[in-house]
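Both complexes shown next keep subunit A, but they swap its partner, so subunit B is in the first and subunit C is in the second.
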Partner chain A sequence: MREDVERVADVGLDEPIKKLTPERIEKTVNHVLDNECAARLKVYLDTCVRCGLCAEACHTYLSRDKDPMFAPVSKVKNTIWELVKRKGKVDGEFIRNMAQIAFTECGACRRCSMYCPFGIDISYLIMTARRICALLDVVPQYLQDTTNSHAATSNQMWVQQDEWIDTLQWQEEDALLEIPTARIPLEKEGADIMYSVIAPEPKILAQLLGNIAIIMRVAGLDWTMPATDGWDNSNMAMYSGDFEIMGRVERLHWETAARLKVKKIVMGECGHAFRGAVYDGPRWLGWQFPPIQMVHAIEFYYDLISTGKIKIKQKIKEHVTVQDPCNTVRGRGLGDKLRYIIDATCEKFTDMAPNQEHNYCCAAGGGVINCGPPWKRSRMISNRIKAEQIERTGADIVITPCHNCHSGIEDIIGHYKLGKHVKFISEILMETMEIPDEMRGEGA
Partner chain B sequence: MVGENWDWEPNKKQVTDLEIIRKKYSRVDELIVSPNGEKIAAPVKVDGGFSAFYNEDVWPETSELLWNLRFTPEGRLYGLARIDDQWTVIVDGTPWKERFEYVWSPKIAANGKSLGLIYKREDAYGIVIDDKPWENGFLAIRDYCLSPDGKNSAATVQMEALAEADIEHFARGVWSVAVNGSAWDKKFINAWSPIFNSDGSKVAAEMRSTMYEYSIAVNGEVWPVNYGCVWAPLFRPGTDSVLTPARDAGKWILTENGSPVWDKKFNQLWHVVFSPDGKKIAAVASEEFGRWTIVVDGKPWKKSWSDFVDKPVFSSDGNRVAVIIKDKNRWTIAVDGQAWSQDFDMIWDPVFSADSQHIVAKAELNGKYCAVIDGKSSGFYDQLWEPLFSPDGKNVLLKFVENNVYCRQVIPLSQL
Partner chain C sequence: MYEFSRGPLVWIAFAVFFGGSLYRIISTIIQSKKDKVVLPYMKWKFSLRSIMHWIMPLGSVNMRMRPAFTIFSFLFHICLLATPLLTLGHVVLFKESWGFDWWTLPAGLSTVMTLFVICGGILFGLRRIADPTVRLVSSFSDFVLLAIVLGPFITGLLAYFQVFEYQTIIILHMWSGALWLCVVPFTRMVHMIMFPLTRGYMGCEFGYVRNARDW
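After this line comes the complex of A and B, so read on.
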């Protein structure tokens, strides 16, 4: 029974429902169903035969001892189906329950769609539930705060403009210690590449920016980063259901690249940001495809290694495994390129099972980790299967080319006491890449 | 801002041998050139820090760091510099008196002279114009603008501190707009894209009435109508009337003071611009999903493109519109609805001649740069800055690097 599911206190859910009226709920639900959902919703709802084959695909369901309440079909039944059936005549408690399901028990990872005999995009149905919750102001506190940050600052961690530029300049100075000609060129109009990142990089992982300065220098690439808003490619508004802010953030990101006259954006190691920048954001704005080419870090590093732009001096000896990010491997098919990079840089690799597009989500993506501390315990319970999967590899290092995966798996490793380390590809490259001696001595 | 008094005699000058510059300094950052093409400059590494070279000279002032070196439209060279661990602006080699914890985001007013920036000092943010900072600072600033005469500045400012993840406080509204350091009385959930009217007496900005309702505020007064979303507003030239694209029932319209301007609705509408005489309006629009075009006075061009359509540019007589377009990953210019037949790896903004008859744009093809005049490219260079027409439209000014030498050349249009 749904009543048996733990109710986690969250002011973003608990307070707004006190103010909801039946009229507002009904009006909002029907507005979304009638005006924002096309034939797609009706086709999905009419096509589903309630077979339940989606259940075995879901990490939440599997991690919670196959409790049917956590099967994707149940999540849809307890949200969108009921709203459609009751034509929006539901109460605040229903909306509260729907928000808990949609925001914290589903990561929109789309694994279930691969197991649905009809390929129904169950994630879309859950995202529709999130949209309704958002319009009713019922969004988990920390996820809403992240969206507020996007709205106020155009980045997800309230990074001030001076902090951003100062961090890049500081990281350039650090990179200069390694290579005297390394640079982070700011506002270089006409560069080939604009490199964009997500806000945790300047906020808490600044060394990754120094790393990219070194990688770009070794590869001899013409690149730049903006000194204005528009540098953050992440988009939690996409997951909170605030599509207006999602569109605003994506528009600024693309127009910043257009202003700088770059031929492509290379983005750092993040999965959801790829989805937001390439799919959801452009489409809400009216672009069928991104207006400028977007290259994910996995493709970028694959190109650098496979074309010899960077050479591997020595592979790392530690035993590694890899987390396939949902949005770039299941969503974009970059799994083989990811393994090419690992093969080039690591001596001992053991794949997770299952892997590639069948891999389990890290349970942090889809905005789930952004729901914050109140939901961490629930998130850990919902990903026991990931902990078991990692443990079975016997690896010492989990490579995670995605910030959400990185943080989520760090949490899992800590919670389940797995005793492993998590690394980005760029960190692996910094350990393995050849930096020519003459480059180290340049400019001295 | 093309100067009548510039050297417009057809000739070619070899201004600076860049090989000498690169041998002289261990680090030479991005090269920039003055609007009239007489000077080339870049931040360079010197003993004890950074400075700026220009032609064969170098600023005497040494900084710990120097970046964002630019020329103003009237030709003054300025950059952002860290001196004794504090930031300031250096203009033509002379640092401003004021020092800041940080200073960034330079903008030049429409008068071509006044230089504004955002600063941070003692944990407060403000705007400084020509070395004169606001007296009042704020918790944060994200966006700002200068009045056309450069005398006033307006910025989106955060009025109240937010505790961590205090979403309830955020939803009550902590953002406003400050003009010359004085904030409007009203606070909003968000405020974006402030803009002055022609005489600098009024400021308009996008604002959020509720989490999902958007409108426009003018001098702190909010329009009585809300929309699903809005984009940057602009004033009708010479008036206090405000226009903005607005999302109404899922479609985008152009609205003026809350009333529709055109009958037509669009899937998307942005980058609204007026013709120089203020009589015509052009904007970027999408009529069908994935297709982009220009709409002039409510009438879309017949042709549309898939990838990208940039901000439209009016000719000086207001009768022609040109714009950067990208289709199937190739860049070119479209003029009055027709794309140039030649396309490029990249292209820069189109520039009309004063008589509105000709268009020139910088373009990149196979790693070289050329000037494209009325769709025809001529001459490729290692590096090229945006070309300009002479005031009489008879000559074109090219600023380029050829064989490691920076050159300035005035060429008769008839020879291109």
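After this line comes the complex of A and C, so read on.
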């Protein structure tokens, strides 16, 4: 029973429920169920035959020794089913429990939809639960902080505009050491490409920005980055259930690209940001598809390598495997292009099993890792299966073009003592790509 | 009683079944408009592609993970739908009433298929109890529904072999069959009608929008 599931203390959940009144809960629940949901909710609730075939899809279920409480259908039962059945007449403790399930035990990776014979979008139902929690202010504290940051700064890590520009200039200087003509062009109107990153890059992984300056220079591309807010669309608000903020972040991002009159946006190695920009954001804003073409880094690097804009000088020799991110492989079908890049840059590659669309979730995405340190232990337990899957490949390096997969798998490697490294594609390219001698000498 | 069961009851049952099903389909489409993000992304090609993979035995990864269960489940559903439609006794009634008939199953095969449905249904019921996940999410209504599903098959078999008093059993058979038809649109048996819609929509979300497979 649910009582057996460890209760983790989180100020973002424990404090707000003390202030909830039954009236507020009922009103909020029914507002969401009646006004924000329609056909999908009703049909999904009526159609589910409780067959349990979704269970085997879920990494939390598999990692926790097939504990039935962690099967996708059980998560829906303990959240949305109950809310509908009791017409929102539930107490604060129920909402808290719902928040724990929806925010920390499901990564909205959608693998279960591929295992449900009816294709029920279970992740949508869980997101509806999150939406209700968000409107009741019951959101894990760390996750809510990222949403607050989006509200105030538009990016998820409280990066101020001067820090942003300063970091880009610092990274440009670092890139200059490699190629004297490398640049990070800011606010270049009419450039071919706007390159989008997420806040962890300037905040904690700044060298990735320097890397992209070098890659863009080698490929000879006309690109730019905004100097204003609107550069980060990682959009944790999408996962905290604050769709109003989610919409604002996406709108600003697209408007920034429109202001710069770029031909397309290249999204860095992040899955959430891609999902937010291409799917959730436009839909919230009432657009069927994004107004400007956006390609994910996988597609971008695939194009650069396959058209010869980037040449590979020397493949890396270490044994590698690849983690397919949900939002770009299950969510965009880029699995084959990802493997093309790996084949072009690595000598020894062993695929994970299962792989491609059927890969297990990293257990970090979908806002789960953003729930922060209180939930790390639970997150580690919830992805033993990933540790086993990585271990089976025998690889030394896990390549993944997604920030969440990257951080999540690093945590798993540490927790399960796998002794492996995680790398982005751009890091692999930095090791393998040919930088012409004349380019190194340019401007010297 | 027999006359009522043989006449008006059948009409009522079919009216509720077809009317209810139509109502569910139309209301779902109207509700989909309110959902806004459903209909603009629906494309026949991707809907059908997904549906094809899921109505083909072993056409999806999940089915291949459990081949025995898949084959069993497919046979159960095929027998469940085909047996009543192709049983000689039923077709004869159509012939008498409306003057047309169609191909029927040999009596022996009908019996075997009916037995398969009954045993299959019981096994599904046992699975509901034995599998911890399914047990957790099952309620009493799931068992009632299963009983409703099996009702016409059990009474049909009894009537065919003339166990107990035929007249009573055949009336029970007709009423349980009518109940079967009537509950489809309004219980979880609606999955029979909704399957193409939910599957088709997901097929498009994966195939048309996301360029990925959902099987």
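One rule holds in what follows: the second predicted complex is superposed on the first by the 444 of 444 C-alpha atoms of A that agree within 3 Å, B and C clash if a C-alpha of one lies under 4 Å from a C-alpha of the other, contacts with A are read in each partner's own complex, and residues count from 1 in each chain.
Note that contacts are C-beta pairs under 8 Å (C-beta built on N, C-alpha and C of every residue); 3 or more make two chains touch, one makes a residue touch a chain.
None of these values were measured; they are calculated from a predicted model.
Partners subunit B and subunit C fit side by side in the overlay (superposition on subunit A).
Superposing both complexes on chain A places the Cα centres of subunit B and subunit C at an angle of 120° as seen from the Cα centre of subunit A, in steps of 10.
When the two structures are aligned on the shared chain, A:288 is found in touch with subunit B and with subunit C.
When the two complexes are overlaid on their common chain A, residue A:148 makes contact with subunit B while staying clear of subunit C.
Of the two partner chains placed by the overlay, only subunit C lies in contact with A:74; subunit B stays clear of it.
Once chain A of one complex is fitted onto chain A of the other, the partner contacts of A:118 are limited to subunit C, with no touch recorded for subunit B.
In the superposition on chain A, A:332 makes contact with subunit C only, while subunit B stays out of contact range.
Contacts of A:39 after superposition: subunit C is touched, whereas subunit B is not reached. Touch criterion met: A:52 reaches subunit C, while subunit B stays clear of it. Once the two complexes are laid over each other on the shared chain, residue contacts for A:307 go to neither subunit B nor subunit C. By the touch criterion defined above, A:15 lies against subunit B but remains apart from subunit C after alignment on the C-alpha atoms of chain A. After superposing the two complexes on their shared chain, the closest approach between C-alpha atoms of subunit B and subunit C is 7 Å.
Taken together, the two complexes place residues 288 of subunit A in contact with subunit B and also with subunit C. Residues 26-27, 29-30, 65, 67-68, 101-102, 104-105, 118, 120, 140, 142, 158, 164-168, 170-171, 175, 189-190, 208, 211-212, 214, 228-229, 247, 249-250, 267-268, 270, 286, 289-290, 292, 306-308, 310, 326, 329, 345-346, 348, 364 of subunit B touch subunit A in their complex.
Taken together, the subunit A residues at the contact with subunit C in this complex read 37-40, 42-44, 46-53, 55-57, 61, 66, 68-69, 71, 73-74, 77, 113-115, 117-121, 279, 283, 288, 329-333, 354, 357-358. Partner subunit A is touched in their complex by these residues of subunit C: 28-29, 31-32, 34-38, 40-41, 50, 54, 60-62, 65, 128, 131-138, 142, 188, 190-191, 194-195, 197-199, 201-203, 205-206, 209-215. Taken in their complex, subunit A has these residues touching subunit B: 11-12, 15, 35-36, 134-135, 137, 141-142, 144-145, 148, 151-154, 160-162, 165-166, 169, 181, 183, 185-188, 190, 227-229, 242, 244, 247-248, 251, 258, 261, 263, 285-289, 291-293, 372, 443.
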